[in-house]
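You will see chain A twice below: alongside chain B first, and alongside chain C after that.
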Partner chain A sequence: MNTATVAGAASAGAKFLGALVLTLKVLVYLILMVAIGLFLMGIYRKFSARVQYRVGPPIWQPYIDVIKLLSKKDAATKNWVFDLGAVMGFGGPLILLLFLPLDSIVGLNFHTKGDLILILYLAVVGPLGFALAASVGASPWGAIGVGRALSMMLGYELPFILGILAVVAKDGTIMLHKVAAAQSIWNPAGWHYFQWPLILAAIGAHIGLQGMLSEKPFEQSVAPHEIGSGIMVEFGGRYLGMMLLMKAASLMAELGLFAIFFLGATTPLDTIIKIFILYIIAISFDAVLGRFRPDQAFVVLWKWPTIIALLGLLLTVFA
Partner chain B sequence: MGMLTHWSVLTVPEVLVLSSILAALFGLINNEKVKRILQMISTTAAAAFALYVNIGLVAGWKSLPKMADLKPFTVKLTENITLNWQYYWITGTFAILVMGVLMFVLAYALETFKDDENTTPFYVLTPLLAAAIYMTLASVNLIALFFSWELMSFVALLMLLYYDRTKEGGPWLYAFWSGIGAMSMLAGIFLMYLASDGKTTFGMFELMQTVPIYTIKHPYLTLAAVLLIGVPFMIKASVPPFHTWAPRTYGSTHPSVAAFFSAAYSKVGIFAMLMWLYIFVGTVMSGKWVTTLGANFRSIPTAFFILAALLAFGSVFTSLLAFAQKDAMYLLAYSSMGQLMYMVMALVIGIGITVGYQKDMNIAMTVYTLGFFGAIYHAYAHGVFEMAAYMALGAVYKRSGGETEFNKLGAYAHRMPVTFFMGFLAMLSTVSIPMMWGFASKYLIYQAALYGRFFVLSAMALIAGTASFLYAFRYIHGIWWGQPTKGYDFMHSVREVSAWGIIIALVVIGLTVLGGAMPGQVLNFITGNSLNQMVMQSAMAGGPLLIDKAIYMVNGFSIVHFGYLAILFTVGILVALLVYTLAGGSRKVNLDDFYNSSEPYRPEWQVQLIGAFYGPIERVIEPYFKISIERVYNWFGDIFGWFASYIESWNTGDTRDYAWALAGLVILLMVLWVF
Partner chain C sequence: MAEWLKLIDKARSRSIWMLMYCTGCGAMEMPPAMTSRFDMERFGIMPMATPRQADVILVTGYVTKKTLKRIIYAYEQMPAPKWLVAHGSCPINGGVYWDSHATVNRLDLFLPVDLYVAGCMPRAEANMKMFTELIDMVAKGEARGWEEYEKNKAYYKENQRKLFGYDLVFTDGRSAL
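Then we have the complex of A and B:
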C-alpha cells in the first residue's frame, strides 16, 4: 500500500468513527431525555396519589410499565398505517428534542439548525401520528377522542403562540438559543416571565401550556374515562408503550420550550431543573382542579389566557 | 442561430396557447388510450417548453434570444392602444404550474369520472381553459387582460355548468360574480382613461410607473379606477369580502374540475393580485392621502395593513369553517380559500413594506423577497397538494358511486392504499408538516410576517395553520378510515386505481416531498433563477437573507437547514422504528373485523362520528359564523328583488300602457335636454 492509500483509509476510518460517535451521542441524548420524561411521569403518579391520601405506585413505575407494555404481544395488529402512526407518534417528539438546545448536554448543536416555526410544526408530528393510528383503528371511540384532542389543540395553541410571539417581538429573533441568551440563567428578574409586559404573555402562554401538557382542567383527551371511550381505546401492548414514550419525550420538549422562552433556560442543567419546577406547578394544578367539558375548555382557552397573552403581545410591540 | 429564432413565427404565448388548443382537439378523440397519450404529450411538451424558456431566458442561454428581444404577440386596437401578450419569467413561473396541473389532472381524470358521466367536455374544455389562462398570464396590457380574463371566465363557466354535480346554483353564483368583476374592470378601465386625460396606453408596466402621476393630478378618480380594476382579481383570489362565491362553486362541481380550478385556475387570481398590487402601490407612493402605520409596523401603508389583516382574519375564518363541513368537496373548497388568502397576505406584506419602510432597505427587501417568493412557492405547494387531495377524493367519488359526503364514505384506504397515501401526504403538506412542500412554502410566509413585525397577523396565520389540522384529520378519517358505510360486500368490490393512476400518484407524492426537502433548489428552478439573483443582490447590499439549496436563513433572526432536518427527521423515525420493531409482536386481524374494530356494524355510529366530529367546539363557534358577509349581499339582493317586484306590480297587462310610458319618458328627456 502506498502512503496515499493509507492516508485515505485512515481518513475514512476517522470519518466512520466520527459518525459512530455522533450516532452514539444522539442515542444517549434521546434515551436520557425519554428517561427523564418517564421519571417526571413517575413523580406525577406519586404526587397525585399523595394529594389523594394514597400511597401510590413507586416512582419508577412508568419504566416498568413501558418495559412491560413493549414486551407484551398485542392481541391484534392493524395494518401498516397503524404501525406508521405509532412510529410517527414516538418519532415526532424525538425529532423535536433533537432541535432543542438541550442537545448540548452531549455536545451536539443541532439546535442551531432550526427555529421556533420549525419546532412548532414538529411538535404536531407526534400527536398527528397517534391520531392517524386511532383513526385507522376504526373504533368510533378512538375517533371521538382524536376529535377532542384536536379541539383542545386549537384551544391551547392560540394563547401559547401569542405568548411566545411576544418574546419574539421583544428579542427580535425566533432562534431558541438566542432567545435563551437574551435572559439571565438564575436571576428571575432577568427572565421574560418576570418582566413587564412579558409577564402577561407568559401567564397566557402558561395556561396554554397546561392544555398542551393535557393536565387538568384541560385533560379531556387523556382523562381516565378516555381509556374506554377515547383515543387510547385501540392501544394496547407495544402501541400503548409507544404512546407512553411519546408522552415522556413530549413532556421534555414542551416544558423545555416554555423554559427557554420564559425562564431563561440556557444550559442543559438549568433547563432540566426548570422543567422539573414547571412540571411540579402543572401537576399541582392538576391535583386540585376539576376537568372542563371540551366546549368549556375551548371557550376558557380562547377567552382569558388569549386576552391576557394578546395584551402582553400588544404592550410589548408598542413598548 | 438559436432554437427559438428558427420558429420565430411563433411567440412564446402563442406556443403555449396553441399547444393547449391542440390538447383540447385531442380531447375529441374517442379512443381513450390514444386521447390520453396525445394529451399527455402535448401538455408535457408545453410544460417542458415553459420550463425551458423560463430557465433559459433568465440564465441567458445561447439557444434562446434575450428577454428584451422576445417578440410579443400584438393586436393593434387604435392608434395609441396595442394589445400585447408578452412572456416574462413571472408569466412563465405561473404557466409552468398551470401546465403541470393540467397534465396531471387530464392524465388522472379517467380514475375520477363515473362510467355514466360524459368526459369529453372535460377533456376539451380544461385545455381550452388552460389556453385562456396563458393568455391572461401573458397579457401586458389592461385591455388585453380584460379580453383574456373574460374568455377564461366564460370557459370556466361552461365547465361549471356542464359539471354541476349538486345543482345548488354554484355555476350561477360564479357567473354573477364574474359579471360583477367584468363590469368593475370595464368601469376601472374607463375611469383610468379619464384619470390619465386620455393619455394612457393601458400597458401594465406603464401603469405601474404612471399611476403615481395620475394620482397626484386626480387622486380620487385614480384610486377609484385602481380599486375597480382590482375587484375581479380579488374575486378570483378569494380576497374578503369577495370570497363568498368560492365554496359553493368549488364544492358543487366534479372533483377533477375542482382540482384544476383550485390548483391552477385560482392562481390566476394570485398572479393578477401580484400585478395589481404594484399598480395599487402607485396610488400609495404618490403620498397624496394614504397614511402609514408608523415604525412599530415597519411603516407599512395603512391600506396594505388593513388588506393583510382582512386576509389573515379570513384565513382563520375559512379554516374554522373548513373543519365544520360535512362534505369533502366543501371542506377542500374552504381549505383552498384559506390557502389563497395566505398567498395574497404574503404579497401584500412584501410589497407594502417596500413602500413604507425606507429607513432600512435591507429589512424591507428581505421582507419583500420572503413575501414575494413565499407567495409563489406556496402557490406551487398549494397547486400540488390541493390537486392531490381532490384527485384522491375523485378516485373515491368514482368508486363510491358519486359520494362526497363524509357520512357516506369511510374505510376506503384498505382497498386503495396508494391513493390514500397520495391524499394523506396532500394533507400532511396542507398542515405544513416539516419535510413537506407545504411547510417549506408557508415557512417563507411566516418569516415575512414575523420579520416584518406583524405579530398578531402571524399569530392568526399560525392559528389558521392549527385549524388546518382539524380539517385535515376530518378528510383523512372521514374518507379513508373509520367504518365502511356501504357494507362489507361493497367494500370488497372496491379496487385501487389503475397502474397508470398509481404511477401518477407516486409522481405527485414524490413532488410533495421534493418541494419540501430541497426548497431553495426547486424555488430557484421554477422562478428561472430569479430567486438567486434577488438573494445575491440583497447579500451584496449587506442584507441578512440567505436562501440556498437547502437553507432558509435571515441572519440572527431565523434558520432552517433542510439538510439537517432531513437527516434528523430520518434519525427520529428510525429510532422510533427500532423501538417498535424490538417490541413484542402481534396477531393479524382479518379485514372484516378490522373494518369495525371487531364491533358489530352500526350505521348510527357513523352519524355520531362524522356528523358531530368536532361537535363541542362547532357549537361554541357557530354563533360567530352567523356574522356573514353573504347575508349582507343577500340583503342587497332582497332589496333589488323587492324593487323589481314593485316595478312588476305596475304591470297592467296592456302593452299600450308601456308605449305611453315610453313616449312620456322620451318627451321628458327631450324637455330636460332643451332646458
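Then we have the complex of A and C:
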C-alpha cells in the first residue's frame, strides 16, 4: 500500500467522522430546542390556569403528554399522504430552527447562512405539511380547519412581512445575522423595536406574530369547541405527539425569528431570554381574550396591523 | 424493560385526556370538576374534542339503542390503551329509565367498562374520586378493558348483533350509523 492511498483513506475517515459529529450536533441541538419549546408550553398551561384561579398542571405536563402520546397504538391505518404530510409538517420548523443564532450553543454556525427569502419559504413548510395531512383525513372538521389555517396564514403573513421589510430597508441587508448585529444585545434603545419609525413596523409585525402562533384572538384553525379542534381532528396517538413536538419547535422558530429582527437576538442565551419574554406577552393576551370569527380575524389582520406596519415601512423608506 | 413500562404507565396515568359522551344529565356535573373549585387539570386530565385524541370515554347518562351505536363507533376510533367509564346509574342498570323501550340497561354487555360510578347524578366530589381511582388503576396497569375487548370481541359483537339485528361494520372504514 503506497502513501497516497493511506492518506486518501485517512482523509475519507476524517470526512466521515466530521459528518458524524455534525449530525450528532444537529440532533442534540434540535432535541434541546424542542425540549425548551415543550417547557414553554408547560408555562402556558400553568399561566392560563393561574389566570383562571386554578392550581393548574405541573410545569412538566407537556413532557408527560408527549411520552404518553408516543407510546400509544394507532387505531386506524392512514394512507401514505397522511404520513408524508405529518413528517413534512414536523420537518419544516426543525430546518427553520437551524438558521437561528441559537445553533451556536452546540458550536454550529448555520445561522450565518440564513437569509430572509430562505426563511420565509421554510416558515410555511410546516403549516402546509399539516394542512396536507389534515385535508386527506375523512373528517369535514379537518377540511374546515385547513381552510381557516390557510386563510389565516394569508392574514398574518402580510403585516409580519411588511414589518420585516421595514427592518430590511433600514439595515440594507437580508442576512439574518447582519440584521441582528446591527442592533445592541441588551440595551433596549438599540433594538429595532424601540426606534422611530421602526416601532410602527414592530407593532404591526407583533400583532401578526400572535396570529402566527395561533394564540387567541387568532385561534380559528383549532377552535376545539367549535370545529372539533380543526386541523388536529384526525390526529391521534403518535401523530398527535408529533404535532405537539412540531408545535414546540415552531414556537421556538417563530419567536426566535421575531427576536432576531426586532430585539437584536445574537447569542443563544439572550435569544432564549427574549423568546421567554415574547411568549409571556403572547400568552397574557391569549389568557384574557376571546376568539374572533374567521372573517372578522381576517379583516382585523389586514386592517390595523397591516396599516401600522405599512406606515412604518413608508416612513423608514421615505423619511 | 419492566421499569421502562412502569414509567410509561405512570406517564399514562398522569395525562388522561377524556372524551365526554354526554348523553344525559351527567354533563352538568363535569364543569364543577373542571373549574377552579376542583380543577382536574392538576392531575393532567383534560377534555378533548375528538375520539382520536382521547384516552378515556365517559358515558354520562342513559344509553339508548341509537346512541349506543355512536358510543361503539367512538370507542373503536380511540387509539389503545383506552378506558371506558360508566358514569351514573343509567349505564349501569338503567336508572330511572329501566323500563323504557328505547334504553339499553347494561352498557357492559356491549363494551368493556373499566370503572363504574354510581349515583344519580354523581356529584363533583364523586367525579374527583373516580378520576383518582382511574389514575391509580392506570398507574398499576390494572385498567385493561381494551385488551378484554380485543380478546372477547366475538362475545361483545354477538351481543351488539342481538340488540341491533345486524352487524356494525367498521373494519373497512364505513360505519353502520
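As a convention for this text, the second predicted complex is superposed on the first by the 309 of 319 C-alpha atoms of A that agree within 3 Å, B and C clash if a C-alpha of one lies under 4 Å from a C-alpha of the other, contacts with A are read in each partner's own complex, and residues count from 1 in each chain.
Everything that follows uses one rule, which is that a contact is a pair of C-beta atoms (placed from the backbone, for glycine too) under 8 Å apart; a residue touches a chain by one contact, two chains touch by 3 or more.
Please read all numbers here as calculations on a predicted model, not as lab measurements.
> Which chain, chain B or chain C, is in touch with more residues of chain A?
Touched residues of chain A are more numerous for B.
> Regarding the shared-chain residue A:Gln61, is it in contact with chain B (first), chain C (second), both, or neither?
In the superposition, A:Gln61 contacts chain C only.
> Look at A:Asp74 in the shared chain and tell me whether it touches chain B only, chain C only, both, or neither; answer first, second, both or neither.
both
> After the superposition on A, what does A:Tyr53 contact: first (chain B), second (chain C), both or neither?
second
> Of the two partner chains, chain B (first) and chain C (second), which one does A:Arg45 touch, if any: first, second, both, or neither?
second
> After superposition on the shared chain, which partner residues are touched by A:Met175: those of chain B (first), chain C (second), both, or neither?
It touches chain B, and chain C stays clear.
> Quick check for you: in the superposed arrangement, does A:Ile260 touch first (chain B), second (chain C), both or neither?
Neither partner.
> Is A:Gly237 contacted by the first partner chain B, the second partner chain C, both or neither?
In the superposition, A:Gly237 contacts both chain B and chain C.
> Applying the touch criterion given at the start, work out whether A:Pro224 contacts chain B, chain C, both or neither, answering first, second, both or neither.
second
> Is A:Ile199 touching anything from chain B or chain C once the two structures are fitted on A? First, second, both or neither.
Neither partner.
> Check chain A for residues that touch chain B in one structure and chain C in the other, and list them.
On chain A, the residues that contact chain B in one structure and chain C in the other are 71-76, 138-139, 234, 237.
> Okay, in this complex, where on chain A does chain B touch?
These residues of chain A touch chain B: 26-27, 30, 70-79, 81, 83, 86-92, 94-96, 98-99, 110, 112-118, 120-122, 124-125, 128, 131-132, 135-140, 142-144, 146-148, 150-151, 153-155, 157-158, 161-162, 165-166, 168-169, 172-175, 178, 234, 237-238, 241-242, 245, 293-295, 298-299, 310, 313-314, 317-318.
> Which of the residues in chain B come into contact with chain A in the complex?
Against chain A, the touching part of chain B is residues 296, 411, 413-414, 417, 420, 424, 428, 431-434, 439, 443, 446-447, 450, 453, 455-456, 458-459, 462-463, 465-467, 469-470, 473, 476-477, 481-483, 556-561, 564-565, 568-569, 571-577, 579-580, 582-589, 593-599, 605, 608-609, 613-617, 619-620.
> Which part of chain C faces chain A closely enough to touch in the complex?
So the residues of chain C in touch with chain A come to 7-8, 11-12, 14-15, 35-36, 39, 41-44, 48-53, 55, 76-81, 173.
> Going by the contact rule set out above, which residues of chain A touch chain C in the complex?
Of all residues in chain A, those touching chain C are 45, 49, 52-58, 61, 64-65, 67-68, 71-76, 138-139, 141, 224-225, 228-229, 232-237, 240.
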